[in-house]
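The following pair of complexes shares a single chain, chain A, combined with chain B in the former and chain C in the latter.
This part shows the complex of A and B:
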């Protein structure tokens, strides 16, 4: 068993964990980030992509709203390349209580969320597909945020500050000795090799899985995993984040992000955070709710559905209330104070919008445990890729491509990924998984859902990485199975038509079922 | 304007039915929203490649057992003799493609990922790829052609389950390109039409081929001058050469369409591509007319008989809406093979057979659509090709076989039973 030594071991490669790794590395701690799968493979990569203005929580949860708008404004400064400034609008539809509009306005004003009531006519001109029966409309600074770009930018920055990263490594156990967590035993899930890590402090940023990690140190952390289903539609049916102006509920947000728009979401308590099942009932419900915001929603082409699991934290130890942080939006647990277990901090709950602040309080707790004072600078220092300070513009890929229209092959026509993009991503990721490449480049995420690019990507992976046939074939077949999970719940209309073409390509033309394994 | 027969759909099934009928002097109109699967798929005729997980060596031998175990299958309505006849007919009718093969044995050709795939009838430009007797194969990659990767193909094919030993290798060429570095397979096919480009290929391969090697090219060996291109390369390389089918669009598939369309026009048929078709009036249990939904206004076309060859879900012949309700898109015919209401349409595992896979139009022995009770819907409406229920063509490797055989059979059914042909003097 090999061994590693670090000041801070961060468990979980989602937005929180990558934020903690960056913050800790920037404060001069040697840092190791460990993730059981790929970065942003958990909840972070499975949400709708909304950068909250706080409007959604302005009435129901004012502290969360205050935190959201504060972080929204910070992320616009430090991570603009990850953000498309779509703006957001809250609309009172015929199904909503018109009186809620006044409560919403008051809530936004009390929490500092910039809000303006705008005329119905102007709103319909801005969003012509919006339900013409809306009664009131309010603009807020909602935006779209690309979770993969965000996590990768944080990790790149962390690495620039000396942090190390181990993806596809799961935590087998935590080493606890004399009331202190001393480190962890990890296992490389691909090779089976084990690694022992000795750490001064372990930060549990495993999100919905934080309860499982905490129990390895004998600490009880109750996470109530809340499953949410989302559907990406093939078009930007709307260009602004649309919210129903009511208390937060299911299927009441549509977020335009990249070339799609995403409707979300549901909230079903599940026992296992690895649950990803999507029921027909959930899909039907979302489509019906979509109709209320955008009439004809059911006739639009659905691309893909997925489920993410929220880490809803429930404190089981009422007397330890002081260990909870300032708002209900996230939970910082210093296990030394809470459970008498030193060297161990859990940061969970929260949302991607507030990931930076969660990382800040977690690393503050690390400093406290280590008895040092080192200030946080993540609210000021821009993430790699965001140096220019400009937000992401839809059409940026096309813009980059246009001056050189026929200079090289386009591997993924849907997302305009060129061969040199793909070659560079393969080299950078050092991965044999097309799904890992997808999270980096969005290949296979467009209308054809990989029908055309996956063969090309597999063959280039085979050539670039000198893969043996079995590894390459496994990667292709694995991608097809993964893709299907998000396709079969929404197969109707043009997406069924597309899928039938893809079935013929893979099974009829190529006959991948009979590939040598 | 009145026709003897109107064929809706311009894929292999529709074109076959139309050409057979035109050959018998019937006045035929082919009308379609767009080009069919001919432009997407290679022109190999797979009659039956797999029954379950068993690879079929002779469709002729396997068919009788297959239709017994698959009673609703389109092949249950066409005899093996008719299927065999249809293969011979196509070979004769489009000599440009130089088809070779018979119903009693399957060729085994490599796919672009290096899996041996059974086909009954193949164009001459693919024959040398037959893997059944083993041998030495070299595959030629062309830098810039993103849809063909010779090393991946060669690596897989070397591990394939085959009756005889096969050795594989690959050569990557970097052809010169001007302006467009991403011309796609059709662009490459046009370049192969040019003698200068073939000169370059031949020179680049000079001294690189080993004795007895068969040379596999991506299926881009010409569009306009396809036969000439392939023969020229074989002659000058002094090695057998063959094409490996690629992702859509399919250059050899377009060659088949062009050959069939040429034959159809010569036989006096009319082809209209570009308008969606909707049902028109019916009289006394017979379809009287269909409407072409042109940009300006619907235009009615009348005929004595109609052939529906619009394809399945992939081609737009069938549609499923978000509430799980299925529709045949031209006549609103009953759709068979759908799961019961409330039952899942798809399995959560990709490679399972899904409940909607066999959905389509059920027909009687004369290939006329029937309702749930087996009653013929319209006396003079027939169906052929991928719209027929009961098959999983991409699994059985039966797609073009079903289209050809049922297109061929539907013409026979019409010739046998329909009213005598309309006599016309002038043709447009």
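This part shows the complex of A and C:
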């Protein structure tokens, strides 16, 4: 067993963990980030992509709203390349209580969320697909945020400050000695090799899995995993974040993110955070709710469906709790104070919008445990890629190919991934998993869901990494299976036709069922 | 963009069939192809932020939409994206001014007709064409039609109408009016020969060149004025025939599908509008077309213009030609001549346009015919320019086969002019 030594061991490669790793590294701590799968493969990579303005929580959860708008404004400054400034609008549909509009306005004003009531006519001109029966409309500074870009920018920054990272390593156990967490034993899930890490402080940023990690140190952390189903539509039916103006509920938001728009979400209390089941009922429900915001939503082409699990922290044990009623603010648990276990901090709850602040308070707690004072600078220092200060534009990939759009081979036509992009990503990721590369490049995430790019990508992977055929076949089939998980819940209409064509390509032409592996 | 057009991108399954019929992207790296600029790029577009100016290299030939088995409105998506781009670019600039100019054939026609000898001399003068190339951006070698010096409308006003029990309205378009009035006269003669009273209402441009140059509001104005003149006849159930395949398509489909015009006048005109060859073939199918054709011992290469595919009528000219004894037709199998209306006039696109047309020109040259036939005037001018072979509308061949050309059209024209002068 090899061993590593670090000041801070961060468990969890989502937005919170990567934020903690960056913050800790920037404050001069030697830092190791460990993630059981790939970066942003958990909750972070499975949400709708909303950068909250706070409007959603203005009435129901004012502290969460205050935190959201504060962090929204900070992230626009430090991570603009991860953000597309779509703006957001809250609309009172015929199904919503018109009186809620006034409560919403008051809530936004009380929490400092910039809000303007705008005319229904202007709103419908801006968003022609919106339900024409809306009664009121309010604009707020909602935006879209790319979770993978955000996590990767944080990790790159952390690495620039000396941090190390181990993905596909799971925590087998925490070493607890004399009322203090001394480190952890990790296992490389692909090779089976184990690594012992000695750390001054362990930060548990495992999100919905934080309870499992905490229990390894004998601490009880109650997480109520709330499963949310989302459906990405084939193109942007709307260009602004659309919210129903009502108390937050299921299927009441559509977020335009990159080339798609995502309707979210359901909220079902589950016991296992690894649950990813999507029921027909959930899909039907979301499509029905989508109709209320955008008539014709059911006829539009669904692209992919997935489920994410919210890490809702509950300090008291409660049965049959409605998870949406739990505060969306984060929870910082200093286990020295709470459970008498030193060298161990849990940061959970919250949301991607507030990840930076969560990281700040977590590293503040690390400093306190170590008895040092080092100021946080993540609210000021821009993330790598965001140096120019410009927010992301939807047309960026299209514009990048001008003025000679035929000059280079395109591997993924839907998401405009070129051969050189893919070669560079393969070299950088050092992975045989196309899904890992997808999280970097969005390859295979467009309308054909990999139908036309997976075999090209596999060929390049095979050549670039000198794979044997079995490994290359494995990569291809793994990715097909990953895509399939998100396709089978929404097999209707145009996406069904696409899936049949893809099926003919892979089953008929390539006979993938009989590939040697 | 109209939502119905944008939504059609959802039907794309990336099958790439449109890319295998892509006359333009095959010859230039500046145009990435119909699938790319259509359903693919559209997902990256938001109003007011055009990122891909390469969409301007789409010629609007419309073949992509025609061949798409899934029903994606590819050409329409491109057309609307191009209009959005030009709207963002504003009105100022050489390219903008040039596009405004060449997109108004009826304005050019009105200006050029009274000074036709001078205008025609200028269009043939290398120095002036060089100046226009550099200052305006119209390619020095691009095919430019000659002003006839008289208008078809003027002839029509003086043309004695025949009493007949059948009536048809003729939509002749700008090409016939200012450049090829004789083609219009032949069409009238063919219809009259078949016992029709031909009504020729006053008419202006259909707005197609403005549409293809991305000036939608101005194009809509032209469409509305034109259909207002034609609609009263259409409401009476009188068929309208057009001899320009592209202008006819504009009224049949594009004004609605691309410009998004929901006008009632347009709807009724669309329903009553027929390509003239389509109309004659319908007559024949009903047994009402006169078939007293004389032998026409010619071998004629025939090119069906891209825009004709949009009509969804096949190639009715071929069926009509088959009725003419001794007329042999070479059906050309090249998709596009490259001109695409005003595309090939532009200095930055002329070479692309000629490269697209070259296989067609070659086929025509190799046939060494007396004339070639094609239903679109801009394609005919391009074919003449590229192949050196005179190109005529299919109706002209029927006109000759009916024996309506004796005395010859040129002589009739001169006689007609003399008669007109005598009347004055």
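We take it that the second predicted complex is superposed on the first by the 504 of 517 C-alpha atoms of A that agree within 3 Å, B and C clash if a C-alpha of one lies under 4 Å from a C-alpha of the other, contacts with A are read in each partner's own complex, and residues count from 1 in each chain.
Going forward, a contact is a pair of C-beta atoms (placed from the backbone, for glycine too) under 8 Å apart; a residue touches a chain by one contact, two chains touch by 3 or more.
Everything numeric here is computed off the predicted structure, so don't read it as measured data.
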item	value
Touched partner set for A:259, first chain B, second chain C, both or neither	second
Which partner, chain B or chain C, touches more chain A residues	B
Contacts of A:452 with chain B and chain C, given as first, second, both or neither	both
Which superposed partner A:235 touches (first chain B, second chain C, both, neither)	second
Chain B versus chain C as contact partner of A:496, first or second or both or neither	first
Partner chain(s) touched by A:190 [first = chain B, second = chain C, both, neither]	neither
Contacts of A:507 with chain B and chain C, given as first, second, both or neither	first
First (chain B), second (chain C), both or neither touched by A:399	second
First (chain B), second (chain C), both or neither touched by A:407	both
Which superposed partner A:60 touches (first chain B, second chain C, both, neither)	neither
Residues on chain A lying within both footprints (that of chain B and that of chain C)	406-407, 452, 497, 501
Footprint of chain C on chain A - complex, ascending	128-129, 234-236, 239, 259-260, 296, 300-301, 393-399, 401-407, 413-414, 416, 446-448, 451-452, 494, 497-498, 501
Chain B to chain A touching residues, read off their complex	40-42, 111-117, 144, 146-147, 149, 151-152, 155-156, 158-161, 179-182, 245, 247-248, 312-314, 316, 319-324, 344-351, 354, 393-395, 397, 399
Chain A to chain B touching residues, read off their complex	280, 284, 287, 298-299, 302, 406-411, 419, 452, 455-456, 458-460, 462-463, 468-469, 472-473, 476, 480-481, 483-485, 488, 491-493, 496-497, 500-501, 503-505, 507-516
Residues of chain C defined as touching chain A within the complex	3, 6-7, 9-15, 25, 29-33, 35-36, 39-47, 49-54, 70
